[in-house]
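Dropping the structures in below, format is structure tokens.
In what follows, chain A forms one complex with chain B and a second complex with chain C.
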Partner chain A sequence: MAVTNKSVDVVIVGFGWTGAIMAIELAKTGLNVLALERGEDQDTVPSFAYPKVVDEIAQSARNGLLQNLSKTTVTIRHDKDGRALPYRQIGSFKPGTGVGGAGIHWSGVHSRVMPEELRLKTHTLERYGRGFIPEDMQLQDWGVSYEELEPHFDRFEYVCGTSGKAGNIDGVMMPGGNPFEAPRAREYPLPPLKDPPTSVLFAKATKELGYNPFPLPASNASRPYRNPYGCDLGPCNFCGFCSDYGCINYSKASPQTTILPALRAMPNFAYRTHAHVTRVNTSADGKTATGVTYIDAQGREVFQPAGMVVLAAFHLHNVRLMLSSKIGKPYDPNTGEGVIGRNFCYQLINSVNTFFDKQTYINPFMGSGGVGQAIEDFNADNFDHGPLGFIGGGIIWGRQTGIGPVRGIPLPKGAPTWGSGWKQAVKDNYAHTGRIEAQMSNMAYRGAYLDLDPTYRDAYGEPLLRMTLDWQDNDLRMSEFFGDKLNAIAKAMGATSASGRVLKRGDHWDTRAYQSTHINGGTSMGTDPKTSAVNKYLQSWDTSNLFVLGANVFAHGIGYNPTGLVGALAYWAADNIRSKYLKSPGPMAAV
Partner chain B sequence: MRLAAQSWLIVILALIAAVAAFGLAINRNLPDPHLGPAMAKRAPNPSRGAYIATLGDCAACHTTPGGAALAGGVPLATPLGSVYSTNITPDREHGIGAYSFTDFARVMRQGVRPDGARLYPAMPYTAYAKVSDEDLQDLFAYLTQKVAAAPAPDRVPGIPWLLRVRWPLALWNKAFLQDARFAPEPAKGAAWNRGAYLVQGLAHCGTCHTPRGLGFQEISVDGGSAFYLSGARLAGESPVNLRGNAGDGLGRWSADEIAELLATGRSPHAAVLGQMGEVVAQSTQFMTPDDRSAIAAYLKSLPPAPEEGRATYAPSGATLAAFMAGRESTVPGARMFMDSCAACHRLSGEGEGRSFPHLGGSPTVLAQHPDSLIRVILKGARLPATEAAPSRLAMPPFGWRYDDQQVAALASFVRQSWGNNAAAVSAEDVERVRKGLR
Partner chain C sequence: MSDTNRRAFLKGSVILPPLAALGVSSASSQQTPAVDELAASAPAAATPAADDYKPTYFTAPEWAFVQAACARLIPNDANGPGALELGVPQFIDRQMGTPYGDAANWFMQGPFFEGAPEFGYQSQLTPKQQYRLGIKAIDAWCAKNLGRTFAALKPEQQDDVLKKVEAGTIKSDEAPLKTFFSGFLLKNVMEGFFGDPMYGGNKNMAAWKLIGHPGARADFMEWVDRPALYPYGPVDLHGRQA
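Up next, the complex of A and B:
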């Protein structure tokens, strides 16, 4: 080993949302904390300075803020007998990079989780019986309850300045909010964003259909806001550049806008960029992490000793580090044994464009990442699955996030795809186009998993992570159900036509078309070390001074967007490290 | 080119002064710093002195970024060229380690070193002359007992050789130095007196905010003139009017809002800019809330400066109405404002809370000299990080996007919209400020 650094108390791998949360919460105890980030440093000014960042070619077409796939990527196949090929161009999902991570280019939709999703196995057995669960579906409880997480959901929302309307404060139903909401301790920190035209039409239509629309919670600030760390946000101006972009306006919550200003003031915290971690080093018996190894900007291999290691990189990288560091038993789909790579899931989305007559102005150039109206009548177990015969659910929304020419202007079915006919169709339709979507949970299956690719290696000589995943019958039947709902809502909204992408039985995962970046599972949390990689405190079962954050700890998919849960779990882990682990280091949960 | 003209005038004055000084046969003995007899018996308190150093913001001029604390070397622009701050650590050779308290008091009150050499009045001894014996003694104890000695030699000033002769400054002192301690006005109450003592003395607000005369002297150091703290132009910036004018001053601010600005760098009316950001970051945020409130109370007591030639502000919805009616294209600068500024400052010019500054009635926007406004447009700005408000919210630069003519049109639009009524900005003004940034 060429270089060995001075030891620190805590080394954090990855400096996005979870890294920033863990860094500030642990630095507050006085520990020496170091975060390692593989990408560039970046801040609102100059990195996202107006007007240069709102460049659709640089960001949406050329993926300026995303992981450089020529350095490292993943391989993908649909089933365990296929040959995996590298993901060479950004398509279906968009891993971030650099300080702030995916917290820079996310949209801002900020939800929690439904309580029964955290105990889905028990809940399903209780309500529907064992025969209801498909044979190859690996349902399991997460080991943590909604009640335990509530203060941490609250904390993350108040850090982010989330704009929304409570539906249920401590069991008291609140008019205007989501009636299916799990109880929250208090109102959102900011009122909802103003509804754009798509959302107004969506709310009216869903109400007429007997559903319960509510303002989608958004971490795009509706007012000026100072968060509990003292960080200032400015209100969103609906410029329509959220997903794929860094926010020009200090409006979208990101590590940069909500945590890093306070963290930078702490003398016991430091971060290093261009530090690509390749390994968690462990003691000979594997029970203690001794630090991490990374490749620095000069290409040198550096050992960073630490008393505690936190994996806080994006999902893919966390799982691969567990595999390449040989911590925990790799999952074997043939035997169903092993935990690292198990229960890999990927949220499904159905997206329908709604086209209106010329009197109905949508003005889709304006918007905000999280703004919209939504219904949860078909999320989690808010509806009776019995007659439907599938497990899972989702959220349906009418958002308006900004549609631009380079990002793609949708046109009705049958419109010309090029030339003057296309131009005329754009002229006729652009200002009158909206979009409604259903985002659905993806259950865990025996054959969907992550491991190290036997063939392909990255620029650092490390094997790529291999994804094995395809859509399953249960999920596709759910998708068809949601497709029908979307079409009915589009009709009730008064759309003259509606078309888009609805996953149906027989469809396979198309890695070329953007779906969402909501991949999860692979190092599940849980109560049983035979089916989970980390315990309810996100502590590795095998290596007790290693904590693993991120959506990779989800035991299976959920209906909501993951960021709210990812952030809350990071606060939950940090809180327990402070109150329990630091006082008495060692395994925190009994096997 | 005004700066050059001023320089030449000062050259001539300096030569006349030199000749006159010979004729007057100035007393070369060290002046008496007038320390009270009680000082000999008083036990100095270095911990209290650390707070005095914060109030005086010694570090602003005596510590280079990343350099040893208080070891000097910070360039300070004067009309004659740059001078460099000196080493005030206890180093015996290069710092003040060999000073007696009397030597120190003489430097602070009269600008005279133990060897008889005169300080350039870039060191605000005209303000520090107001400081009490006790505060000076504790400050001296702090500097000599609590600060690490740094062996950093002083830098030679960037002033032309001929003008580096310092003894004519004795004449400058005779003309402009009021060597008198702050005299409380019992009728005004404790808070006002504390505020006046800080503003006039340790905080030396007038150094930047009071206009200067031909001899580069502040035209008033004690509130005796209606131009005291009425705004100035200095080192490429235009420190704002701190008096009670409702247009370019603090007339519409509450005392609490002034205190908030001193604590956080931001307020509902405006945010700090340029060097004031450093003052907030290094000094005022660490003041006690009582001291910040005292400063605010004193500033609020200052009557408006004479309005002649000053901007006015009468809030008006006409600009927003014009934008909403689509009439903006007829107003030069309005289109640029909409394209580049309105995202944060909004078409109403109201900005957003403490995050994006309000442009209607902003002292910087309305200042007699538009230097700071132009500078912000060209170069952008960044708020200081404070304990209470750590976000360094930044405005991006637009100097790359707009030429001098365009910046002038944009700045003029901002100075004449939403009820702002300030003089237009010329392309020549922008060109001058742009040159100063290089």
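Up next, the complex of A and C:
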């Protein structure tokens, strides 16, 4: 090996949300912490400053803030007998890159998790019985409870300056909030954002239909705010450049706006960019991580020794590093044995464009990533699944995220795709078009998993991660149920017509059009090393000084956006490392 | 940024960034950022559509095709100028000279296999190659079946050819024409029509005016809760108003 760096106490792979959280929480103990980031350094000024960043060509059409797939990507197939093909262009999901990671271009929707989802297997058996679970569905409990995580959800929301309205404070129901909300210790740090036209129509319609609309929690600040790290957020101005974009106003919570100003000031913390980690190095018996190997900007292989390793990259890279470092037993879909790559899940999205008459102005160019009204009447187990016969649920929302014309102008069914008829249609419809969506859980199945591709390699000579996943009957029947709800809501909103995409039985995962970056699972957390890669503290069962963060630790998919849970789990892991692990290094959970 | 633009930007005679974007509200930037940071926040120099544009990538026959196709995909009609008038052919030609033209950010390692459409783009052709082979194949089909190249056909004939390419009924062994049409030609025409004028299309922000899009205004604090006609015209990335 050409280069060996000076050893550090903690090396963190990836410098997005979870890397920044772990870095500041561990640096506060006085440990020497180093974060390695494969991408560029970037900050609000100049990287996301107005006017440069509000450029649809650079950001949305050319994916300026996303992972450069020429360096590394994944391969995808629908089933284990198919040939996996590379994800050559950005489509159905959008991994980020650079300092801040996907925390730069996310929308800001900031949810928690429903308590029963963390113990879904137990809960389902209790309420519906064993016969209700499809034979190939791999339900399992996560090993951590909502009550244990609540202070960490709270912590992350107060770091992000989340705008919302509590529905349930310590069991007391709060008018105006989400009546299905799990108990929270206190109100959101900021009041809800102003409602744009789509959200007003959605709230009115869902109320008329007997549902329970509430303001979607958004980490887009509704007021000026100073967080517990002393970082300041400015109010969101609904600029309309949110998802795909860095925030021009210090309004959208990101590592840059909420953590890095405080972290950068700590002398025992450092970060290095253009450091692409290819391996976690381990001792001969595999029980101890000795550091990581990365490729630097000059293409040199560098060994970074460390007393503790934290995987905090995006989902895809965390799972691949576990596989390429040979930590934990790879999952085998034929036997169901092994844990790395197991329970790979995604999310289903039904998206319905609602078209209104010429007197109804939506002005879709205004908006914010997280702003909207939502209902949870059909999320998690908030409704009786018994007569419906499927497991899972989702959140339905009328968000107004900001849509410019390069991102695509939705048109009613049957409208021409070009020519004078198309031109007339975009002129007539653009200002009067809204969008409502259902975001639904994708359960874990025996045949859906991640492993290393046998054919394709990336620019560093490493095998690509291979995804094997398709929509299953349970999930598609759920999607059809949600499609009916969406159409009824669109009608109640007064839409003159609707178009869009509702996943139905017979549909396959289509990797071309964007739907959701919420891929999850693959290094599941849990109580049993036979079915999970990490314990409830996100500590590797096999290598006790290795911690694995990110949505890859989800045991199965959820209907909510994952960032709130991913952040809370990072705080939970950091808190337990500080209070337990550092005092007594070694396995933290009994097998 | 040209010197003129830089001066205009610093004098505030172009649209001003929101105060927060200047860094005054973050602990990371309590001090006023240096001037070079302001410059770094500015977009690249604008090169709007020029009347005397000469293509850099496209050959003369290809240029004739691109111009003719633009004129049919978004025609000049009762609703105002079309893609040709707004400079979209220039946009496309210039995009071929960017990293996009060479598919620089796509995974382009082999082996290449055909797959179900759900698996997305699986060709080894870059955007530049798509145009080179796609135009040649369409012109060859037109010459063989209609006796002229695409650009020399009547508008109705051109529409008919484009519809057949879009539907996949005109095929070629030399180029994946259906993919060329939807994944490149039509997509790039839309990008050029609606993108910022600095890239060469959307001349005078006419496409934004057509649909009521305010361009780079990016500040709707006082308007987001008003379901009414937004009263202001568009502004581009260099602060020009239309």
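We take it that the second predicted complex is superposed on the first by the 591 of 591 C-alpha atoms of A that agree within 3 Å, B and C clash if a C-alpha of one lies under 4 Å from a C-alpha of the other, contacts with A are read in each partner's own complex, and residues count from 1 in each chain.
What we mean here is this: a residue touches a chain if its C-beta (ideal position, glycine included) is under 8 Å from a C-beta of that chain, and two chains touch if they have at least 3 such contacts.
These numbers were taken from a predicted model, which means no experiment stands behind them.
**Q** Between chain B and chain C, whom does A:530 touch in the aligned arrangement: first, second, both, or neither?
**A** neither
**Q** Using the touch definition from the top, say if A:186 reaches chain B (first), chain C (second), both or neither.
**A** In the superposed model, A:186 contacts neither chain B nor chain C.
**Q** Is A:413 touching anything from chain B or chain C once the two structures are fitted on A? First, second, both or neither.
**A** The answer is neither, since A:413 touches no partner chain.
**Q** For A:505, select first, second, both or neither according to whether it touches chain B, chain C, the two together, or no partner.
**A** In the superposition, A:505 contacts neither chain B nor chain C.
**Q** Touching A:57 in the superposition: chain B (first), chain C (second), both, neither?
**A** A:57 sits against chain C, while chain B stays out of touch.
**Q** Touch test for A:223: chain B only (first), chain C only (second), both, or neither?
**A** A:223 sits against chain B, while chain C stays out of touch.
**Q** Name the contact category of A:231: first (chain B only), second (chain C only), both, or neither.
**A** In the superposed model, A:231 contacts both chain B and chain C.
**Q** With both structures superposed, pick whichever of chain B and chain C touches the larger number of chain A residues.
**A** Of chain B and chain C, more residues of chain A lie in contact with C.
**Q** In the superposed arrangement, which partner chain does A:127 touch: chain B (first), chain C (second), both, or neither?
**A** neither
**Q** Please report the chain A residues shared by its interface with chain B and its interface with chain C.
**A** Dual-contact residues (chain A): 43-46, 49-51, 224, 230-235, 237, 239, 248-250, 257, 261-262, 264.
**Q** Touching residues of chain A toward chain B in the complex: what are they?
**A** My answer: residues 43-46, 49-51, 223-224, 226, 229-235, 237, 239, 248-250, 257, 261-262, 264-265.
**Q** Applying the document's contact rule, which stretches of chain A touch chain C when the two form their complex?
**A** Chain A residues touching chain C: 43-46, 49-52, 54-57, 61-63, 68-70, 73, 76-78, 83, 85-89, 91, 194-197, 200, 224, 230-235, 237-241, 248-251, 256-257, 260-262, 264, 360-363, 365-367, 400, 404-406, 408-409, 417-420, 422-424, 426-427, 430-431, 455-458, 508-512.
**Q** Which of the residues in chain C end up touching chain A in this complex?
**A** 15, 17-18, 20-23, 25-29, 33, 37-38, 40-43, 72-75, 77-79, 82, 98, 100, 103-109, 111, 113, 115-122, 159, 162, 166, 186, 189-191, 194-196, 199, 207-208, 210-214, 216, 218-221, 223-225, 227-230, 237-239
**Q** Quick check on the complex: what are the chain B residues that touch chain A?
**A** So the residues of chain B in touch with chain A come to 266, 339-340, 343-344, 346, 352-356, 380, 382, 385, 387-397, 401.
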